[in-house]
Amino acid sequence: SSGGKKEEEKASGSSGNVATTPRMKVALITHSKQGDTFWDIVRRGAEAAAQKDNIELQYSSDPDGAGQANLVQTAIDSKVDGIAVTLNKPDAVIPNVKKAVAAGIPVTVLNGGLDTWKTSGAIGYFGQDERIAGQATGEKLKALGAKKVICVIHEQGNVSLEARCQGIKDKFGAVENLNVDGADQPGTQATITSKLQQDKGADYVMALNAGVALTAVQAAKDAGSSAKIGSFDMSKEMAKAVQDGTVDFAVDQQPYLQGYLAVDAIWLNKTNGDTIGGGEATLTGPAFIDKSNIEAVAKYAAAGTR
Amino acid sequence: MTTTSSFDAEAAAGPTTPVVHLDQVGKSYGNVNALRGVSLAVRQGEITCVLGDNGAGKSTLIKIIAGLHEHSDGTLSVNGEERRFKSPRESLDSGIATVYQDLALAPLMSVWRNFFLGNEITKGFGRLDIRQMTRIAQEELTKMGISIPNLDQPVGMLSGGQRQCIAIARAIYFGAKVLILDEPTAALGVKQSGVVLKYIVKARDAGLGVVFITHNPHHAYLVGNHFVVLKLGRVALDTHRADITLEQLTNEMAGGSELEALSHELRDIDAGAVARPVDGPARIQSPLEST
Amino acid sequence: MTTTSSFDAEAAAGPTTPVVHLDQVGKSYGNVNALRGVSLAVRQGEITCVLGDNGAGKSTLIKIIAGLHEHSDGTLSVNGEERRFKSPRESLDSGIATVYQDLALAPLMSVWRNFFLGNEITKGFGRLDIRQMTRIAQEELTKMGISIPNLDQPVGMLSGGQRQCIAIARAIYFGAKVLILDEPTAALGVKQSGVVLKYIVKARDAGLGVVFITHNPHHAYLVGNHFVVLKLGRVALDTHRADITLEQLTNEMAGGSELEALSHELRDIDAGAVARPVDGPARIQSPLEST
Amino acid sequence: MASTITTPAAADDRVSTRSVGARLLSRPEIGSLVGAAAILIFFAIAAAPFRDINNVGTILYGAALIGVMAVPVSLLMVGGEFDLSAGVAVTTAGLTAGIFAYQFSVNVWLAMVVSLALALLIGAFNGWLLMKTGLPSFLVTLGTFFILQGLNIAVTRLTSGAVASNSISDMDGFSTGHAVFASQFKLGGITVKIIIVWWIVFVAIAAWFLLKTKIGNWIFAVGGDAAAARAVGVPVKRVKIGLFMAVGFFAWFTGMHLLFAQNGVVQSGEGVGKEFLYIIAAVVGGCLLTGGYGSVVGGAVGALIFGMVQLGVVYAGWNPDWFKAFLGVMLLLATIVNLVVKKKAEAR
Amino acid sequence: MASTITTPAAADDRVSTRSVGARLLSRPEIGSLVGAAAILIFFAIAAAPFRDINNVGTILYGAALIGVMAVPVSLLMVGGEFDLSAGVAVTTAGLTAGIFAYQFSVNVWLAMVVSLALALLIGAFNGWLLMKTGLPSFLVTLGTFFILQGLNIAVTRLTSGAVASNSISDMDGFSTGHAVFASQFKLGGITVKIIIVWWIVFVAIAAWFLLKTKIGNWIFAVGGDAAAARAVGVPVKRVKIGLFMAVGFFAWFTGMHLLFAQNGVVQSGEGVGKEFLYIIAAVVGGCLLTGGYGSVVGGAVGALIFGMVQLGVVYAGWNPDWFKAFLGVMLLLATIVNLVVKKKAEAR
């Protein structure tokens, strides 16, 4: 039999040295739903940092604002040594972040909360400015000569996703949003197909995560549309799609880096009093990945770290 | 049919006025016309027996009086005033209490809660007076001669007769002007049936109008003042006790000659003899087939 | 109690052997001991009448034979073999067909589907032979003397008596060795009751063992060979027809002297007279209270 | 006092005959059919692409994705039960086949057989636990729902190290599997995905099965009154367990479609929430939540209504912010039309 | 042939007396209480922070977030109905107050009154439509669910231009509102959020109401057998509409808590899926899905079980991949314990 695990096992990874600092416990608390590739990469980055720094990482997530806030409280209750948290719903979570800071627990913010992380008393921020990333994408689309863009939002009411589409609109103009259910690939496919059948003028579909982008490729084929696909975020399959040219480009915000830095920053702070970014946000994106530079990224994407 | 005209004349001359009066009432369920042109008068101090075959429309008739269904044709008047009950509450508020054939009990609720459902005794702020309600329910059921070990038991666990008794006791306790009973003695033992019949007579003596539905001509003849026989949704007979004998009544109910033959046949069978068992199961012929 | 020993002797000497034999059977529901030490023999070609007050345990008894409940004590044997039915299917497969007091009909299903439920006629591959089933159901119901306009109607829309007839017709049609009927005539009209009684006799004549539960001593005495009276979950009387008169039986069922007084009282009431209606509702006294 | 004795007609003349139309109208699925027609007409007017015959394939595909699972879910609902684990069981089936084939480097068809066995086992477990404990199916399948949801993610990550299974698109048997479960063909101008054909076949078989076979009769009975069904000898337990296993089978089928349609990759977090779409389809199609009444065709029509509304809003190009609000209004309208039709039918 | 006539005892001696314990055990919520105790002991052993008395506040808060809404949902379920719109209605209530106060620059309390009126209206609409159409509540409230979900997002974007409402934390009346709905205080070492106190108060009142008042009696009746209840004169429609309005009231209350706890901002997309947590709490707590049986205290215990499992897994520091699987197993175990207890109680 061809393919399968045997094929993969021909290539294998390695492991680095481990810090000798005292064992620490760090909580990573996100607003992710379960089973999302993007957050899987974030977590992987955080785990890599944790392993290197002799940290016990406790990952938990709740898409509900009040629920995520209470998870921060449980981390405080569990007397962790540091908390890395997303602030996509800042008003719900910040009160408890402040509590953590007051209890002497260093907090880093990742992915979301660019405008608010400073007020929470966190020591650093690692992520991209979604609006700016969207705007950059808008410029790129203009440069590519797009006429009409469909921006596919896979979670209605999500602040970051809305900001990306808004950013594209800021710079590009002819953008229409489309809501789909990110946890339902075939349904997403049917919806994008029907949108392309309805709006024959649309010549670009911007997906906001890798899974939706790959689904959009299939949908464009189904609809007999010549629309091109652009995307946010990377994955193993996405790298392949960029290589093949089925996806035009991807906007990478380097989630691995977000997770890694958020945890590592806590360790550095605890062991050396450092603050990464010097009190300012550390931007991990956007980086455009297309046929020209995919080779450099593809092998990491295949390993699940890009 | 001359029922209505004779009926009006009777109403004018009668000793008491009808509390409930149905005039040419009809009711259809979709394409089934369950009742057609039925007239009936329920008088205070009188027991009106409604008799008839299975599916003749007796329950439908009383459901109209009880406010459970609205009639499709004709008029219903209570105390001389034309009414059209939108819900059983309106009927109850007019002083009409009903024992339904399907009993209208909530199976998961306890005995006392069912007994007082819709007529709860409260001590202000809608607070239930549980102690008193339990006591009354116990008393009323004891009066009917049945013993229910635990009034907190859900009704669904009781025997058929026990449930029937709860429904009857409740209606009698809350009955104000008119008491309607749909086959109240069907599931009851001899003793309990006797008690119910006596209750019916007492209710009449207390001045209530009673509508009594039964398949038992003996029961009907024992207590009824006035007999109405329904057949296929129409009034087939409407008569006073004075004008009919038990035999005539039974005949009317069962469809006349047919029954005669049947009961003769039955009497011919020597029930005492024990038949030789045949081997294995045998097909049973219908008694209505030629034997 | 000497029931059992006399019973064993009887079984040895009797003309037929018991198909179903209960020995010292007991059944408790939680803290209610509904049956205690009940023995009963159902013989082929005999009608065993089970009588008793409401809540005496009659339905519980037959539910054990029908496989609906398992007994807590004692033994149940069918054709001499000890059995413990885990489900009604096992009982049915032993040739025991039952009419339950609560009828066991699915209200949303049509008449013919209910009639053949669990005994569907198929034409291979489990395909239903709908035409034939409709025909048979129609025939069997017509034989019982009731007319149901449309066999595709859901059972829930039928009158109480119509439903009762479906349950009886079904059991009789499928009855193989033993036929159990729990108050089959309760909801039936005079004519339909007569038909059912005749059916019962015919079933016996065809060699089936019949268990007949009723509250009507006339019905029981008309067809029964053998009478068992239950009281508060125990056997109070177990006798053959030859050894008892109708009066004695009625007495036994209703609790003796109590009933005597009652029926006298009832007869004293002049049902023909119309009482003066009092003003407004009046409290009704219990007939069991001192009047 | 006069007494009047009239001899009634011997035959029952109370029943007026019903027209064929009226009798047709009283079938459980007709209401939803009329609702579907109303939605169809509405969108045909409101959305130009909806009228384009070439797009029928897209709409039917959207409906089939819900519709295939609506078949056993409707049967189960007629049988008086729910299955909250139906949505994630689809993902479990897809993942199992994908992971098994990849990890053991075996032919995809072998992995599919393993996956089928597991899917049937899950169904049987649900049914068995339900009958054993007597708990409501809501609770039992809720437990399975959480367990499967957890296992999907945990096992996928253990084996592939990521939250999606590894692609098996280059493995033996993939292309034949793809042909059976996820291919498409042209019919006139319409691109027809093969799952639509399967869906129609399944609906036809299941509808026939429910109405015309013995076990179909038992399904109605166990849903309508399980105690009564048991009393007349219907093997209630076996029927219910069988129904849950049917859900397992169709979950497997849908899972295979996902696996092959998505290039041999299954996302482990998918399927959550789908169970309600299936239930919605069944209920919109006229199945009673309390059991004992409903039809397979109705469930299919319910899926069609849901699919049409979902894509119709997109075809109409309405502001996507209002999407859910439109969906809600449409669903309410469809069910109210359904109801009005039923009432009309009963009154005839 | 011999006949034996025995005179039976006149009094009914068949009933053995039940101990107080056995009678206690037969209450609907006791099973779930035992289940809750089992979970408590389990996590107290498995997770060190769970044992820390200071963390009780966190656990109770997690439970209260579900528990407050579980109160009316339990009542509604006893009354024989569902409300799928309960989750998003919470968000709607929060958004309405936030948007109204901000847009019209009025005192927050005035906006809260407007929000309350709207929440009650939504409940009344659900109930009215249900009774008017006779459709199952699953369908009616599903329609409202989608409509509210759509409106939440659409109206928020129309007014604030974003997907969250504008903050009202600096407006008049915010601080008093915060004190009432979202403040906290210290009790010993435990930080108690005020919503926990409210929750306990609500449970006590509603439990008393259900068991000891006339309307409570009617709720049992309309859920157990609506036709029978109507036949004895219970105003079925008014009771059901009232129950839906109670859901509206508690949705408002929870919405206010969210508004004030989140600094005067409400996310428009939240609340979806919460309705099932409420239903789960009620069912785990012993309410029958088919109505007519259950208790408010049971619903509260159900919420507690859910909250304990949810946070217990985090406290124990288990791999979150397995979280859902644990949750499923725990839920099944809790309900099976519940069942075993009930069976034991019945057998006494």
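As written, the chain order gives the labels A, B, C, D and E, with residue 1 at the start of each chain.
Rule of thumb we're sticking to: contacts are C-beta pairs under 8 Å (C-beta built on N, C-alpha and C of every residue); 3 or more make two chains touch, one makes a residue touch a chain.
This structure is a prediction, so every number in the text was calculated from the model and none was measured.
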{"item": "Fitting chain D to chain E on CA atoms, where both chains share a sequence, rotation angle to nearest 5 degrees", "value": "180"}
{"item": "Most heavily contacting chain pair (counted by C-beta pairs in contact)", "value": "B-C"}
{"item": "Remotest chain, chain B as reference, centres from CA atoms", "value": "A"}
{"item": "Chain separated most widely from chain C, comparing mean CA positions", "value": "A"}
{"item": "Computed distance of Cα centres, chain C from chain A, in Å", "value": "73"}
{"item": "Where chain A and chain D are represented by their mean Cα positions, the distance between them in whole Å", "value": "35"}
{"item": "Cα-centroid distance, chain B relative to chain D, in whole angstrom", "value": "46"}
{"item": "Rounded Å distance, chain B centre to chain C centre (Cα mean)", "value": "22"}
{"item": "Residue numbers of chain B (touch at least two other chains)", "value": "32, 147, 149, 242"}
{"item": "Where chain A touches two or more other chains at once, by residue number", "value": "34, 156"}
{"item": "Touching two or more other chains - residues of chain D", "value": "12, 14-15, 149, 153, 157, 273, 288, 321, 323-324"}
{"item": "Contacting residues of chain D [partner chain A, same complex]", "value": "47-49, 52, 54-55, 58-59, 61-62, 65, 101-107, 149, 152-153, 156-157, 161-164, 166-172, 191, 257-258, 261-263, 265, 267-274, 307, 310-311, 314-317, 320-321, 323-324"}
{"item": "Of chain E, residues touching chain B in the complex", "value": "11-12, 14-15, 212-218, 220-221, 224-225, 227-235, 288, 292-293"}
{"item": "Chain E residues touching chain D - in the complex, by the definition given at the top", "value": "129, 133-136, 138-140, 142-151, 153-154, 157, 273, 279-280, 283-284, 288-290, 319, 321-329, 331-332, 335-336, 339"}
{"item": "Residue ranges of chain C touching chain D (in the complex, touch as defined)", "value": "66, 68, 87-89, 92-93, 98, 100, 103-109, 113, 116-120, 122, 125-128, 130, 147, 149-150, 170"}
{"item": "Chain C - residues contacting chain B, complex", "value": "15-16, 29, 32, 43-47, 52-56, 59, 95, 101-102, 140, 143-149, 157-162, 164-165, 172, 175-177, 183, 186-195, 197-199, 201-208, 215, 217, 221-225, 241-242, 250, 253-255, 258-259, 262-263, 265-266, 269, 271-272, 274-279, 281-289"}
